[in-house]
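Each structure below appears as structure tokens.
First chain A sits with chain B, and in the next complex the same chain sits with chain C.
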Partner chain A sequence: MAQGINNEVAIIGMGCTTFGELWDRSASDLMVDAFQEALEDAGIEKKDIDAAWFGTCFDEVNVGKSALSLTKTLKLPFIPATRVENFCASGTESFRGACYAVASGACDIALAMGVEKLKDTGYGGLPDFGNLLGSQNRAIFANLTAPGGFAMLATAYFDKYGLSPEEGKRALAHISSKSHHNGTLSPKAHLRSEVSIEKIMNAPIIAWPLGLFDCCGVSDGAACAIVCRASRASEFRKDPVYVKGLQIAVTSGEEMAHQKWDGTHVIPTYRAGCAAFKEAGITNPREEISMMEVHDCFSITELSTYEDLQISPRGKAVEDIEAGFFDLDGTIPCQTDGGLKCFGHPIGASGIRMIYEEYKQLQGKAGERQVASPRIGLTHNLGGFPCMSVVSVAVFGNTL
Partner chain B sequence: MAGITSYGAYIPWYRMKRSIIFEQMGWFNAGNAAVARGEKAVANYDEDSVTMAVAAALDCLGENPRDHIDGLYLASTSFPFAQRQNAVIASQGLDLPPAVRTADFGGSTKAGTSALLAALDGADNRRLMVCAGENRLAKPGSSQEYTYGDGAAAFLTGEENVLAEFKGSYSVSADFIDFRRTPEERFSHGWEERWIRDEGYSRIIPQAVAGLLNRYDLKISDFAKVVLACPAAGAMKGLMRAIGAVPEQVQDTMMDTIGDTGAALPLMVLAAALEEAKAGDRILVVSYGSGSDALWFEVTPAIEGFRTGGRKGIAGHLARRNDLSVYGKYLVFRNLIPLEVGIRGEEITPTAMSSLWRDGNAISALVGSRCRACGTPQFPQERVCVNPDCGATDNMEEYPFSDKAGTLASYTGDNLAFSWDPPQIYGLVDFEEGGRILLDLTDCSLDAVRVKMPVTMSFRRKYADPRRGYYGYFWKAVPAA
Partner chain C sequence: MTYNKPLPKINADTKEFWNGCKQHLLKIQKCGDCGFVRYPPSFICPRCHSTETEWIVAAGKGSVYSFTVNHVAFHPAFQEDLPYVVAVVQLEEGPHMLTNIVGCDLSEVRCDMPVEVAWEAITGEFSLPKFRPVL
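Here is the complex of A and B:
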């Protein structure tokens, strides 16, 4: 019986750049910035790192293939380095590689770096998907984009739970407005303005029923984490953050080709959540989790994630949203740093950026947006589309 | 006796009032007021002569089994491909078996009747699908911009269950250069319309008619219906006088509702005639272009039972319509003006012909598979069953989806995706008999789309790669009529 890695791994240092449309900075610049912060935070030197994992997604508009751009940029001294790519879970996937390496005893200290430089395409939104799904993509796959793929989640959800477009969009607007408020308290965020529910509801439609403010931004950024075995963490710092659960679930393909799925939620989120909670020993997520950074690429994603992570009962997320349950002063603050909504979504960096927020919150270093006495934080990434996704769920704590 | 055993037609969803063209371009040539009447059928941005021919052929096919068909002939003067047989794109779209004879008939607006004659003459008990589709480009400001319309017709020919017996024909050929175009050119060059009217329609069509009447010792009054593929309304009266026909005999050429569909015109008008014909009717069909073909058909009693088959035909398609009221949209659909497609729109991944060939009828004919173990239909074809409660490996049989009805499980209208007609609408289609496919929608507007809306499948151009000379064809969902 697999034991998982609950309490086996500790984060001892992290770094995260400012996210944004960083026209004057390259992916390499961003990696150096994030890495410097993490080294200083951990109080170690580059030579102490035994192995590195590197998460990035759109290598073709970004850093190129392999882990070369990581090792060459940081001048890592001929250590094992691996590039991973798993859609929007790429950052968390690199973190998983580093955690498993130290948990197994293969390494003492490992680095996970995530970076994405998206703003060199010349247009808004993510890079064109082209052959994203292999050579058949253009031939058979609907002409979809990320907003459209997720908009279908909203269409089906509204239909199933009898929400009028007005009612549904108002609940979604609360989600975005809340995140924008949190973003104003988050110095490294890309978008740092309050946005009213009325403005959100009246914004231009990107993919019906999602409007501009239902969609996260596209930006550049990097984040990294340095991990070691939990038993050694106290050698490096007094406030390490421990990995409680770290799971990935990837679709079997049934959502898109079999009628069993109703299109109103994301099966891999539910499955990865269950596995991570089991690994972390969490039996009642609504009671035990202090705060979350979920994959709010779109407001509807955040809504469905509340239910898939068993925080809100099925069909009841709207009630929780409107009661302020996920607001910064609510029961489980969600997107305390503003989330993808305010940071934008440099794919490979996002997962580690979320971990960075949980790390800072659990250390009590989150400044104006600090959650009172948090114990357990959660991060969630959803790559692909609701009908075909890669999901990571990670759970962190500040005590063993 | 060989003859027509089934017929079908297709008219695109969009219709444009010709007054809209005149409002935009009448300033340039006020003389076009004479042709600025009625409306014309306009192919959607994802349609061409081949896709419309497939739609007509599906309408014609009805319940006829595909493996009973021996060949497919396709006629057009607006084929999308100069090399890569257009007929075989259609036959693969229809999922006809590999052992079929396919041929393109082009070059002239009489190509439609040439294809029909090729199928009927010496039919030798072969069952052939004859289609004609047309989607011709006309220069803005020309009279053809008003008169040209888009559409298709299809006929099954054979010797059993004949609806209209083929009794005889007469052809004339003439290098009468009314319109001409080289392969390098997008638009035709025409000669003076008065000359075409007087020396073309008014002399060449009567030659073919007279030839046929003489050959079989018939009188024009022997025919209940006369199909004259003469798109010039002004020439019609003189033409009727020249052949001795009375207006009651002459089938409406639908110029005011569809327009001049070129090689498809005589076949579409014949389809309309058959929709109203009764047993014993003699029908004369006369095409025009580089000469003329005259064909004599006689309707059999089988026509009565046939009409209950639920085909849309001309009448059904005429009723399914949507106004195209923006002239600029028409120009964009026909790629007549440069459009700022943006960098996203410019990015077209090359198509791997080897991969396309390997996937066979999965892409061309929307053929998925059905698991023999659990019965689940699925697309695309995979070796491992997608049913989470099954998962059997290598236990699949082919399963066609193109003729299946479905409903939308969800949908969106996407303004970020590049589309020639934004928003790009797509959705998850759940098929009534099982299976689910994420498909683009076409021939619909977003405000009419609903969850659970019934849809059917339509063969369309999915993407164009003009730099590499390629159109990718696939299937889209359209609202069920």
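Here is the complex of A and C:
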């Protein structure tokens, strides 16, 4: 394996809007707000930015194709700018572009911006994929929903590990209840109320066994990051955050094609995690990770991610969940800002919103939800279905 | 009665499959070189990459691998069917097939439950392979 970019890149500024139903603000408004915060945080001027990457998933909604809407909105002065799209990893994908640009020496300072105005679709979940998944969609996807695809992950997991629906749903409810609690301490979150385990378990069913509170919110938002080479970070601030590992794994299709996948976990999450840990020099994730923001589009996604990232042993996530291992005061707090559960999932923005939380935590600036003395933070995005996905895993630290 | 749900879009890979369905034959592919039996249809074998392909007729029997019960419709045309079961059925021949479980009470569906194909002719051109419990 190539040497990777461990300790080559530093984040020197970040911005993140409040997430929510932002009917009165356009994607441009959100980008400007996130960008202004990041510029002030980094203490640089717009002219210092050499290149930009722009993550957004549904270009049909609001922003259009290419990076034009980024450069026109921010009035960036004829610099190279690239729009990227990679399902739910789109935000992290734009961050990856910016990191690779400075790591390579191609530029000194780069911007990664992610934005999505999902509420403008007028639809409760994600927009209809139509034929985006290819012409086999009727044969493969039938009348399956996104919640349905992940619900089958839960059904298969419960069956494999001998959990009754009641036992399984209770563990999933703990995940959502924990995130809702963290969301109450997170001023930029969309949903900021406590929700009890009993209320979650008794909520209307969306796709059995998943109920309303097993599903994340749907929101608008933007987030951005400014990066430079690690060796220059001290010129800009005393407390930069360093990129330790940054990996994406995209399925080869073997989950469905080879008939060896058991449908209880997500192979690209495991593979992206392995690659990111190797790049970051992490040999024991359970011992070395301080906290994480994982892709909790559904509660079961978060559960399976605990195991795929080798935090919990296979089949043992429920024990960890019920022991409070992932709670805010637990061993590895997960979704310290409330996660997708409370921020919703404006797709292009989500990955960078997660990095924003790790950045603030690693600087000790996370307010009421601050984790004690964190050293290593992790973010994870999963786009697609459990059987066919794009996954990113990123690892960050506050020392070289 | 007209059928208002989305119809399959046939292409070169799936034409033989849908033609089989029209005759209520569940056609899947077998690699002419390594013998691997596969679904959904593809031009090359995902295991050995051979283009030698034979179409075989599956017995239409299998078991529920995993399932969900949809209480919210993704497409408005499915609204009238709610709640309905979406399942992955493992065919006796090996492949997994995404389908619906019909012909039983929703609360009876379990993982590993034996099922058999139950054809639903939706238009003159198309029949969908759904599955029902083996009595």
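Note that the second predicted complex is superposed on the first by the 391 of 400 C-alpha atoms of A that agree within 3 Å, B and C clash if a C-alpha of one lies under 4 Å from a C-alpha of the other, contacts with A are read in each partner's own complex, and residues count from 1 in each chain.
Operating definition for what follows: contacts are C-beta pairs under 8 Å (C-beta built on N, C-alpha and C of every residue); 3 or more make two chains touch, one makes a residue touch a chain.
Just so it is clear, the model here is predicted, and its values are computed rather than measured.
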item	value
Room on chain A for both chain B and chain C (clash or fit)	clash
Chain B versus chain C as contact partner of A:121, first or second or both or neither	first
First, second, both or neither for A:260, with chain B first and chain C second	first
Touching partner for A:155 - first (chain B), second (chain C), both, neither	both
Partner chain in contact with A:205 - chain B first, chain C second, else both or neither	both
Chain B/chain C common contact set on chain A	124-125, 128, 131, 135-148, 151-153, 155-156, 159, 204-210, 253-254, 256-259, 263
Residue ranges of chain A touching chain B (in the complex, touch as defined)	121-125, 128, 130-131, 135-148, 151-153, 155-156, 159, 204-210, 252-254, 256-260, 262-263, 387
Complex contacts: residues of chain C adjacent to chain A	5-9, 11, 13-14, 17, 38, 40-42, 46-47, 65-75, 78, 83-84, 86-88, 94-96, 98-100, 111-112
Residues on chain B engaged by chain A in the complex (per definition of touch)	342-344, 347-349, 351-352, 355-356, 359, 362-363, 376, 378-380, 382, 386-388, 409-419, 423-424, 426-428, 430, 434-440, 446, 451-452, 462-463, 472, 474
Chain A residues touching chain C - in the complex, by the definition given at the top	124-125, 128, 131, 135-148, 151-153, 155-156, 159, 204-210, 253-254, 256-259, 263
